[in-house]
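Heads up, the next two complexes both have chain A, just with different partners, chain B and then chain C.
Right after this comes the complex of A and B.
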């Protein structure tokens, strides 16, 4: 019997509330607010309270999907990234770099957001970068 | 005092009295709930008793749903003990499944600290003081107010509700599989703002003879609604009318709305 209570940060929005996950035998069983966390001081919204439900949801996507003949089909990461890169490259070639915008997310880490804007500016060549937490 | 507790926990684990012991441990500067085990007995050295409070008995119930054969130990403050009494009264806990090391948490001049985050001072802002109830208000303070004034202050407090269900989720004695606050024919999930004061009064009625006055709901409320005050009043009535003291009186409360056949169901 393995039981751990794992501190983490809520992944729903940019506020960054401290949460605790109850993990029993490797399975996420519940979420609690972290009482001493400076951001939320032991309080959570309804989304934060239900973090464990989306992790365990049976409709959660576990592999990339690619639309072929009007239907989504499971594919490998190589296929998905390859297809996206090819399409982005052809759009940039045809319509110019400013035809692409990069929208990043509060659910990602600071470092991932940094990489995303670097990708937009250096790889694609556009300043069209925005973030959902730019309130 | 900590050394005493640590030695007792080690003894319970080493002598196979319990499989896991739930208490608190400092992690990254935060006192967090932690399950101590025989395999990692050296971690018991980092055990702390406070000051943060979590519903350890609720965590124990979750673990027992997966491992019904396990025996768990809990560091039990007085509120944890009352919660455990209520849970076993309502057949949610098999006798002997949970062993406790009791901890006195009441404040006293003879003690360096008291192990309860609820006792930390909490300052009410001017709006709350003007329109609602100050933190730590007592039922006597409320009853001194004229009924209309009291009602408008309660409505001010209830209208702040964001329907996060935090009060129910953190409650150590909320164990029903089906909850009136979620049932589509009763309150139902979804629409915001919640219907006030119905949402809170439904929960208050269900807390009659069940609430053990731990204050975790009030701690967890993002809108800082004085829930402990509300449920405290409900239980005052239960005590006055039925002579039943929740958490200490033996047997189930006079409100056996759930029947006597309630048993924990596997997930």
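Right after this comes the complex of A and C.
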């Protein structure tokens, strides 16, 4: 049995508690509070203690999906990315870059937010970037 | 937050307004209790009787949306008694006369008529807050989700400045962020008007800097906010929307309106962990990796940038968000070739002055609080120590007049409705409702009703109540409780089958564009069997 403890940050509210993920044989088994963390000092709330449960949820999306005739079907990454890139390109060509909006996320990392807004501003060419800070 | 979370313990007075801290930020509430144990005074102002109020030295339930009046009333009493921090006002602020003129009109009697709070209690709050320094002011969406959201925030700042509670350890104006990386998303330029580090898109210097760094001429036109995107979709100006890790169908005000608008899009792309309400109506869905399956950094409420590490492999064919964005960018002809999240972080920190001194090595387990401009900088637990951010380094008072919420109860819609979170669930529920232990705490939606109102409406515990507003109607089982005042209903926002945003008012603050989720007018009746 291979048991590892991986430090992480709780992904619920904005408090930012330090957590430890308990990984046994490559499977996420539990969440523990980080004792030395400056924010939560070894305590967690009910959501934090159960952080691993949504990660392991069986209803997680496992494959890219494309909608055809009103139904989703599983597809490869190449198909999904190719379809999206083609559609975005033709919309930008026809209606201009400001006809596209990107909603970035308060659930993504800093790196991913940086890339997402860079994508909107450079690749699409629009400042229509926002997220749910207000909601 | 201007000050760090740990500093709450060092405050001599903690004023919580518009935040149900014990339920929504439990580990910050812990600091409040610790502060109280160390002798701090605790003031709680909230339209509902929240748990924190039971431990407070003084707790008031002011009428929904009357925050500006309450805060002006408190400042009126402080000024009248000469309790303001005269030296601080002299040295570090400007515009005091304007504030004094405005608050002079808000006598406790007048404020009492607006807020429903006893004049004696307003005087008592003023005394506790002004005479126990440093005092920390904590707020959350109860202050911001109003059509006067900016006014509310400015009033909080006025109060803190008036008593010299900014730029001091244990003080501060501390908004509690609702999502783990709201702070980071704003810092990274996830807004229509700024690049990373709040550098304006229409400032020629910043625009040139980023155009050069990214190798393309960038638009200097400020984009749409989320609240402006809805009419843009409706009028056909917005044709495609790429939604990453959000569920606007459940989190936006006025569900019906948004639903109709979003269906007019030519292309809806959703990147998600789950098939959320929004993902269900998408054309393409990208499966994203969760927090345990990738690495990166989050920035919490107190501006602390912290690393999270990969624990397990992504489920199925899911990919980290940064890899998906990279693939899409490459497919669209703008090459991106980052080896890891760390490589992205390094590019970002080189362009963002407040993060410039950070690196993965330095962040370690504890992280660093920005501004951290240089590799030797220890980070900044509280802001404005030497100067404020305005050009002359001084903070400015704003005289703020009270305005009513956009919608008040009337004969047709006689009840106030407010919305919020409950302890076991989170935002639109996509993450918590699939978690067995959290689902067990609260399975479905409900509406909180005061027993006196329930009697008038002939409703008993568990009855299905039909709520309707000018926007739409929905049903939810009744929960009778004294937490709400008579005349006020409360709906949690987590439950897609009882969507609160069918009812809420899309009126928004003219500056912040934040919708007025906290106040709308509704009518209610018991569901009749057909």
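Remarks
Simple rule for what comes next: the second predicted complex is superposed on the first by the 121 of 135 C-alpha atoms of A that agree within 3 Å, B and C clash if a C-alpha of one lies under 4 Å from a C-alpha of the other, contacts with A are read in each partner's own complex, and residues count from 1 in each chain.
Here is the rule we use: contacts are C-beta pairs under 8 Å (C-beta built on N, C-alpha and C of every residue); 3 or more make two chains touch, one makes a residue touch a chain.
Since the structure is predicted, the reported quantities are computational estimates derived from the model, not experimental observations.
After superposition onto chain A, the partners chain B and chain C occupy overlapping space and clash.
When the two complexes are superposed, the chain touching more residues of chain A, out of chain B and chain C, is C. In the superposition on chain A, contact is made by A:32 with chain B only, not with chain C. Once the two complexes are laid over each other on the shared chain, residue contacts for A:24 go to chain B alone; chain C is not touched. In the superposition on chain A, A:81 makes contact with chain C only, while chain B stays out of contact range. Of the two partner chains, chain C is the only one touched by A:103; chain B is not. In the overlay built on the shared chain, the residue A:1 is in contact with chain B alone; chain C does not reach it. In the superposition on chain A, A:42 makes contact with chain B only, while chain C stays out of contact range.
The residues of chain A shared by its contacts with chain B and with chain C are 4, 7, 18, 27, 34, 36-37, 43-46, 49.
Taken together, the chain B residues at the contact with chain A in this complex read 19-20, 27-28, 30-35, 37, 52-55, 59, 62-63, 66-67, 70, 117, 162-166, 169-170, 219-222. Looking at the complex, you find that chain A touches chain B at residues 1, 3-5, 7, 18, 20, 22, 24-25, 27, 29-30, 32-37, 42-46, 49.
Of all residues in chain A, those touching chain C in their complex are 4, 6-18, 21, 23, 26-28, 34, 36-40, 43-55, 57, 59-67, 72, 77, 80-85, 87-89, 91, 95, 97-123, 125-135.
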